[in-house]
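Each of the next two complexes has subunit A plus one more chain, namely subunit B in the first and subunit C in the second.
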Partner chain A sequence: MRRLATTLLSLAAFLVAWKLLTVVTGTPDYILPAPEVVAERALRAIGSGLLWEHTAVTISEILLGLAVGATSAVAVGTALGKSVVIERVLSPYIVAAQSVPILALAPLLDIWFGGGLLARVLICALIVFFPIAIATMVGIRAADPLLREMFRSLGATPGQITARLEIPSALPVLFGGLRVGVTLAVIGAVVAEWAGASSGLGVLINIADQGLFDTPLMFVALATLAVIGIGLHGLVVSIERRVVATS
Partner chain B sequence: MTTDTATETERVGAPAALAVRLERVAMSFASAAGPHTALEGLDLDVPAGSLTVVIGPNGCGKSTLLRVIAGLLIPTSGEVALGEAPDARAPRAGDGRVGLAFQQPRLVPWLSTLDNVALPMSLAGAPLPERRERARVALERVGLAEAASSRPAHLSGGMAQRAALARALAGDPPILLLDEPFSALDALTREGFDAELEALWMSRRRTVVMVTHSVGEAVRMADRIAVMTTRPGSVARVIPVDLPRPRPTALAGDPAAAAIDAEVRAALAEVQTPELTPWLDR
Partner chain C sequence: MSPRRLLLPLIALVLVLPGCLPSSSVSEPLRAVKLLLGFRPDVQFAPFYLAQEAGYFAEAGLEVTIEHSADVLVLVADGRADFGVADATDVMIARTSGIPVKYISTLYDRFPVALIGPAGTVPSDPAELAGLRIGTPGEFGSSWHALLALLEAGGLTRDDVTIRAYPQFNQVEGLLNGDVDLITGFRSNEPLRLEAQGMSVDLLTIDEVAPLPGPGLIAGDELLSSDPALATAFAAATLRAQQTIAADPQVGLDAAVAAVPAIAEDRETALAVLEATIELWGGEPGAISGFIDPAVWGPGYGALERLGFIDGSVPPGDMVLDVLALPD
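Let's turn to the complex of A and B:
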């Protein structure tokens, strides 16, 4: 209850500061709209179904991208953590893929994978992959060597050691990577939409900016992205609390 | 600990105890500074059902010896066999013939005490009701039944060691290896544990090989004391301890025990390198 009150209070303070800024500087709405202008635009966009139409596309890209990216990252991260040879062979490519800006890769992937949902999911998965793979690798290696020997003394197979010792040991670190990953997934989805899409919040931002000069609508889209990010992050944190405490 | 054998579930056909035989065993490890030989020319015969204590200077390879018997390390050369002549086989980690309790409890932090004790059976694929039941029996045997649902973080050091002992006992292995299992505990607690372990051993008569630093504990516990040399380790002497059981916690007043104590110390002084002698275990 107190936590909720703190959050609401900080939100109220933010809105007041925003409103004051627009009043004091007298900035016009097409540069910095006042909060009530944005709220009114949001209500209209919700009422017309425009906002949900684009939000649904972006959320499905994010969730599919997360599913693909996180699953493959945990698998590859486990292999990297277990084998120094695999790490030596794969890590230059993984680091290279992460170092090349996603903004520059996105158009290429868009061409390769036909410009549809698949391409956008893969772009999103790619940006999610790195932090989760690295976190998994570090977590797997962090498994207590004394426990490892104890498992061996009980005749545990390598598969049992991975499933029963290494992955549970990796969970706290893995969830750290997952927290970074979900917020990157939001960025990935927007970048993917900019590389070629007809709907989605990234597209909505472009339409509002270049087609309609509707700055309040841009703010609505940005706020929606922020809410998605906060919501996903909160979801990961609540799963983490449950899993890591009892695991 | 309860010593009531009626509460224990005996496995039909499982051997009660197995002998351990090591012949000319050598164990070397590759290291940055070249190969490092931990054991060399080590012979040791542990009769089935005996309580053998291994004692020796720091770094003489006592823990390596236990890992070789447990099948965690394959010796560079030499023979290791568990069991009697026709059926004797080399050890293999996890084959159920050996239970190993380490110096540290090594409990899995995210499992309850009961699930920790059930871990050996769980890894072997035993059905859930059976492994729960056997874990419960093992916990009762070490007097830890109330802590079954606690997590290791909530156990005291002594309780954690009991749980680790219960895990080693849970599968009722014919051979029990103890690597200074009580060394992290205070002296009083350790004496209590030794007494309980002796009672447990007298009621079960499994083969026990126990490593210790303490001459007093060795004389208190052992049928036979194997004194190891400095690295590379081998068995210098085996000293029999023929004292009646159960033995009192303090053997100081017993002339027979004092003689054995002196004999062990003399054997240790012989194997100890001269510069280490002033720090010899007292």
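Let's turn to the complex of A and C:
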């Protein structure tokens, strides 16, 4: 209850500061709309179905990208954590993929994979992959060597050591990577939509900015993305609390 | 000596000194002006490069800085830039949305966007577009307005075709890949790029079917009310550069290469693009006037209203100010 009150108070302070800024500077709505203008525009976008139409697309891209990116990142991160040879072979490629700006790579992926949902999910997965893979690798390596030795002495197979010791002990770090990954997934979906899409919140931002000159609608799309990011982050934190406490 | 006794000789010196100096040192300083362009540096902007380099702007009393932004209309309206280049159709939508900006002089006499496809596959009747896959940057800008206007002219809607978005303006690659049947593009650019890749193309242009006004110079309301002479000077210097380039495209190409050296990498294509662009300006130097033609603006305004982009609350007369027609 106290936590909720703090959050609401912080939100109210933010809205008041925003409103004051628009009043004091006298900035027109097409540059910085006041909060009530954005709220009114949000209600219209919700009422017409416009916001949900685009939000549903972006959420599906985020969830699929996250699923593909996180699954492959945990698998690769585990392999990197367990084998120095694999790390030596794969690391340069993984770091290189991370170093190339996704904004530059996205249009190429869009063309190579013929556009559509597949290309967007891959772009989203690519941006999610790195922090989760590295977190998994670090977590796997952080397993207690004495416990590992004990597992071996008790006749545990490598698979059992990974499943029962290394992955559970990697969970706190892995969830750290996931927390970063979910917020990057939101960015990944928007970047993917900017590379080529007909709907989604990234597309709505483009339409509002370049097509309709509707700055309040842009703010509505941006706020929706922020809410999705906060919601997903909260979900990961909540799962983390339960899973890590159990393990 | 008291401060007052010191002040008097100083004032006298300030008053007398200008008369003793050569005239050039007391001539009017150039007025700093910022021009915003929405596309990357390109040969199509040769008039601005030429007007800078040949001193047309300076002769008009202007020192012009060129910058690029995706938000030309908003930044010009807000006074963060003095002038910009924008699509007339975007000005109609922005003005209706309450953004205080006006179209002040025509740069493109003909609407530059066309539907482009492999030779022999482009319908001449817009009604035959039904069922085709069309690549376009997205639901914004002149390409989108032209596509919807063409579909409307053929009795079709967007639901009668499959539209694929290329927000990075890479629809040429989509056409070459076979992902789409037709693309929207500038008549002076994409056809040349496709032909350079070995694809001969045909075009479905909009001029005869559903005329729309082309891109032009824009300025904010505040500047236009406070200093309309500045807008006239800027538009006139730009027009002079356009006419010079129309008479000798090589002059425009040289100016563009000097401003953007990367253009020299493929001078032949750049010259072809510039020559095609000159055709869109109006062709002959005498035909390039900057005139804002009500005969095109009227039907264009009507088309955007029918398509739902504008609600008719702001009449076309409030969206334009023909600065070249203003009295001296």
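Note that in this section the second predicted complex is superposed on the first by the 247 of 247 C-alpha atoms of A that agree within 3 Å, B and C clash if a C-alpha of one lies under 4 Å from a C-alpha of the other, contacts with A are read in each partner's own complex, and residues count from 1 in each chain.
Here, a contact is a pair of C-beta atoms (placed from the backbone, for glycine too) under 8 Å apart; a residue touches a chain by one contact, two chains touch by 3 or more.
Owing to the predicted nature of the structure, the values given are computational and were not obtained by experimental measurement.
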For the overlay on subunit A, clash or fit between subunit B and subunit C?
fit
Counting residues of subunit A touched by each of subunit B and subunit C, the higher count belongs to C
Regarding the shared-chain residue A:115, is it in contact with subunit B (first), subunit C (second), both, or neither?
second
Between subunit B (first) and subunit C (second), which, if any, makes contact with A:195: first, second, both or neither?
second
One more residue to check, A:231. First (subunit B), second (subunit C), both or neither?
neither
First (subunit B), second (subunit C), both or neither touched by A:28
second
Which partner does A:160 contact after superposing on A: first (subunit B), second (subunit C), both, neither?
first
Does subunit B (first) or subunit C (second) touch A:207, or do both, or does neither?
second
Smallest separation in angstrom, by C-alpha atoms, between subunit B and subunit C in the superposition
50
Residue by residue on subunit A, keep only those touching subunit B in one complex and subunit C in the other, then list them.
none
Inside the complex, what are the residues of subunit B that reach subunit A?
70, 72, 92-96, 100, 102, 104, 106, 108, 110, 119-120, 123-124
Per the touch rule above, subunit A residues touching subunit B in the complex are 146-147, 149-156, 160, 164-165, 168, 246-247
Taking the touch rule as given, give the residues of subunit A at its contact with subunit C in the complex, in rising order.
28-31, 106-107, 110-111, 114-115, 193-198, 203, 206-207, 209-215
With touch defined as at the start, can you tell me which subunit C residues reach subunit A in the complex?
70-71, 73-74, 77-78, 90, 93-94, 97-99, 138-141, 144, 163-168, 170, 173-174, 177, 179
